[in-house]
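Listed after this line are the structures, all set down as structure tokens.
Here come two complexes built around subunit A, the first alongside subunit B, the second alongside subunit C.
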Partner chain A sequence: MAALAQDEAAPMVRRAHLARQTLVFSGLLTLFAVAFVVSLCVGRFAVPPARALELIWLGATDPWRELATIDERIVLLVRAPRVVLAALAGAGLALSGAALQGVFRNPLVSPDILGISQGAAFGGALGIMLGIWGFPLISMVFLSGMAAVVLVGLISRINGRSETITVILSGLVVSSMFSAVVSLLQFVADPNTSLPAIVYWLMGSFATATWERTLIAAPGLIIGGAFLWMLRFRLNILSLDEAEAQSLGAKTNRERWMVFGLIAVIVGSQVAVSGIIGWIGIVIPHASRLLVGHDHRALLPASVVLGAGFMVIIDTLARTATAAEIPLGVITALVGAPIFAMLLRNHYRERNGS
Partner chain B sequence: MIGLENATVRFGPRTIIEGLSFSVPVGRTLAILGPNGRGKTTTLKAMLGFQPLDAGRRVAPDIVGYVPQTGTSNQRYRALDVVVMGRAAHLGIFGQPGAEDFQIAHSALERAGAARFADHYFDRLSGGERQLVLLAGAIATGSQVLVLDEPAAALDLHNQERLLTLLNTLRQPRDKAIVFTTHDPNHALSSADDALLMMPGGQPLFGRVAETITPQHLENLYGVPMRVVELAGPSGETHQAVLPAFAGIRAA
Partner chain C sequence: MLPDDVTGRGFNMVSLTRFASRGLLAAALSGLLAHGAAAQEITFKDQENREVKLAKAAERIVSIVIPMASTVIALDGGTKKLVGMNPTAKSAVLEGILSKIFPETKDIPSDVTAPNFVPNIEALTATNPDLVIQWGGRGNDIVAPITNAGLNAMLILYGTEQLTRDYMTMTSKAIGKPERIKELVDWRDRVQKDIEAKAKAIPDDKKPSTLYIARALSEIATTGTKGSYNAWYMELVGGRNASAELNGTVTINKEQIAQWDPEIIFLNAFEAKLDVNWVYNDPILSLTKAAKNKRVYKMPLGGYRWDPPNQESPLAWMWTANLTQPDVFKYDLRAEMKTAYKTLYNYDITDADIDGILWMKEQGGSANYVQFKAK
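Take a look at the complex of A and B:
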């Protein structure tokens, strides 16, 4: 009798689950859309929302049009590339964090842990010091980020395989090596020219965003993200115990490095155009897990939308809260750290409770 | 069909198994018996291909339905999603499970008697319930070979009985090769055709249950005097049961 009642209840449970997911995703998408439009409107020169929407429509339907009026130029040339870049970067970082936490079976790791951010920072600092700008600088940042991952791979590979814990520790080692060199570069940099540029860039900012920079970062972010999205079910498998994953046909070692490579592409592209932005990769996946659960098939898209929305909001705050721009890294840490502390306490309270 | 041929595994200077050969054809069930630390788990891992062999050969199909002792992910998945992961080997690295895979997962849950947990969170289930879900996952792989690591180790008597009954229903159609490890010879008597005894001194004994599960062999195996008694089952037939000599003696 009880079994019968449960059999009938099962589809209802499933329907309730589906309804909840739909609700959460529409909420997240609304949040992102609102943040996007508000960000285009606010600033030193305010634009009414209706006009902003009209301008987006005009810009999207006829991108090569002559931009005559001042509000057109501000919205489409200054704010729009910045908002799009912020959204892409936030989405990429959150996605990388979610994937990495799954692969490491550890909810506390983030893209910084593999040394990608610090490696990329080294390339950027060196480039700025040598007076390189534009595309060469960006490729340098990207390559040094990749170099950091390769280095982590070489150090952690012992007897033909790399254990999770050695990967994390090697990441730490490579990270501190690169950050020491970055400090050295700052020490010897010219305090009148390159030092402020390096420091500002290290703290992360979208202030320099242009369509050109957005287009440089976009391919890496989108291609890396698309591949991670295709791997969403595989990430479920990789998040299992090593032996279980292998018994299901996964080449765990090789596939894990494939995920690391994709994350290096994403984070490298992001750091190249907007400097180091911490915390997104750890706070957003956690919040998304609370909303949609741990299954990567739902977690990845939720992280993308929430990460994009959150990054746009943070960036809008960064440029409007005070007369001068506040570095992004400062705000993400100020907002992210307390949220993370709260999540951490809730996580362990719940675990001890059950 | 799954098995090892002349397999040797060493951990540094220690030889865990040496020249071990056995095979389990489709339709038969093997119980691997032995006290702790005699290489039961190593044998299992070698058979599954997780443990590289220092010598010898492993015979196994590409996909083996493996039932670990406990699911050890810290991720929170629904039981149905855990079972559907059993389909991974058929989907490839970029594949996504479709309606058909969920259908297979559902019927696997039903075969394992765990259909009522389908929508529960796996990490909220009890040890015995998780075991059933993991078994469903192994069935969902569609492999002809099932390998269970100490399936009854963490179960109370009631759940042991349920698990053994379930194993016997899976055995019945004789369309699978099943291997499980256990430290209780009674599990071998009730649910296996063959037994592999991990004897002290490294000379394992492999053969039919009737020939291997005898008091002498078991005394050798565990270092405890053993008795085999015949008991009347619930419907009148006789069952064999193995008891260590200290069982059935009332403490003064």
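Take a look at the complex of A and C:
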């Protein structure tokens, strides 16, 4: 809305706006690049930064080289896939959050609202209990996440269309249903093996990242993200009032479900390889909105870059702060909640002041 | 006398309602038993310092604690007194040798508790136990339901060898076989002292760093030294706990293992699908000293998994000792196992049984493992 208004303003203002956006984006990109490189250089295994940089260079220029020494394998087989996966997952979650908040015209929704996370959690917990690992587990998680969204769709579709409020409530219903089953699975799980595994998985982690897992998750995250980016104009329209959007020719119901479907693919792919990671999908879009405004053409890329950078930083903390891996859910909430509270207060103070 | 009378009557009431048809007989019988046993009333303090009072030696025992199910069988020398156990204990029985020694164990109910130690009171009461073994130190929520149902609970604590000996002694007293425990505790004591004496001469720089992996397949978890039984016996036999800096059992990453670079890796016996190839096929772990020198071993699964304290612990220590300090310890493990299985279960263990317990097929090619081959 703000962007639309600015489009009609004087060229001077537009140029100033453009300069500001450029500055913000170059800042975000620098932040991400620095976080990315630094996190490849740090870890529990001591690799001198210069050597790590050399290894990254070698890995980037000659990716099929035989990796014989331990430091090469640590940097290129443990850290690199993990950092790439964290960046992709952070970007995907933030992007989904931004899109979803637009569609629902509600700043409080996060990708969890569609029941995907809890549905996927059910698949994961069941898989771990049945002793399934690796690719079958990942597909099981992804499919159960999809099933949850389909279920939300079926429940919320009344007389051929679904209102946003019924979608939110159906999401709530499906979520709580799946989380009850997850609790049940935890109750019957073996306390020596599967129970801690389920609990840890529910708190989210990239500790198991390998290139294989990264490549499994990447297509869903990248393709889903690309399609959402293609829908950026649609998202601007969908974030308007329902009647207004329809008067602009939007088939709101169909387009909304297109967005939900893409988000389900993104979040499903993320949860499948790294468990449930909260807060990114709500904190990052808000922070991005403060930086670049409400226009989805700027908001989506800003969320992607900021989400990727933030996730990489959080995950680096998780794996380096102590000898033990700290679950991501713990850090994202500890860091995310105060930032969110601060943003919230600033936002409403400004609004009340103006 | 009075409290016993009350419990006696309570017991009769239950019998009457549960077995209406043979109520009269049951009442008469249990009345008789209660009367006859009054002289041998057993009282003791459990490890949470609660007084446990049994009118007579416990005949029907439920162990909610996982390793204690097989310990009760060992203490009693049979399965008659074990009437219920944890589902996770049952999986160890079914995967391990106990189901072969005592085929009837597969019929012992495991619905008396959820694996996380929350009892199912109805199923528990239906087994009509006169003693329920439960974990202490985990809050009252898993104990109150048992005592509220009028059942006798005995609480035990996890962690050290001393606690293990104490609760094993307590249990053998409760089942009316106080004489039985002596030989088992003596054995533990003898082996421990022998290992300690031999390990004393090992200089610190000759102690290999050893890593116990508590979970591997979903995430990697290992354990610090404090409060860990595994770390205790790894150090007892002349090893150094590679993950000593940790606190409790926590998740770690492979990079951290590479940094520790352990000389020996022990894998848990809990994960049925885990074997030494998990280490050898991993790009990072296969470069650790342990993997390069083929010193990666999965813990055996005998009458119970050898990782936590149980009735077979001395065997676990000897196995660990021979592998950690092969120049110092040369226990004849096969002979020791034959004697132990005779004492514990009155069973003549075969060479094939031992091969299965020690995973000879899976890890017979590991360093120093040839000593365990049948001669």
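General observations
In this section, the second predicted complex is superposed on the first by the 338 of 354 C-alpha atoms of A that agree within 3 Å, B and C clash if a C-alpha of one lies under 4 Å from a C-alpha of the other, contacts with A are read in each partner's own complex, and residues count from 1 in each chain.
Assume contacts are C-beta pairs under 8 Å (C-beta built on N, C-alpha and C of every residue); 3 or more make two chains touch, one makes a residue touch a chain.
Please read these numbers as outputs of a predicted model, since none were measured by experiment.
In the superposition on chain A, A:Tyr200 makes contact with subunit C only, not with subunit B. Once the two complexes are laid over each other on the shared chain, residue contacts for A:Gln246 go to subunit B alone; subunit C is not touched. When the two complexes are overlaid on their common chain A, residue A:Pro107 makes contact with subunit B while staying clear of subunit C. Using the contact criterion defined above for the overlaid structures, shared-chain residue A:Asn236 touches subunit B, although it does not reach subunit C.
Of the two partner chains placed by the overlay, neither subunit B nor subunit C lies in contact with A:Ser274. In the superposition on chain A, A:Asp295 contacts subunit B only, with no contact to subunit C. Within the complex, the subunit B residues that touch subunit A are 45, 48-50, 62-66, 68, 71-78, 81, 85-86, 88-89, 91, 93-97, 115-116, 118-119, 124, 141. Interface residues of subunit C facing subunit A in the complex, by the touch rule stated above, are 66, 87-88, 91, 114-118, 215, 217-221, 243, 245-247, 249-256, 258-259, 270-273, 283-284, 287. Subunit A contributes residues 43-46, 67, 69-70, 73-74, 77-79, 128, 131, 133, 186-197, 200-201, 205, 207-208, 319, 323-325, 327 to its touches with subunit C in the complex. The touching residues of subunit A, counted against subunit B in their complex, run 3, 6-7, 10, 13-14, 17, 102, 105-107, 230-234, 236-237, 239-241, 243-244, 246-250, 255, 293-295, 297, 354.
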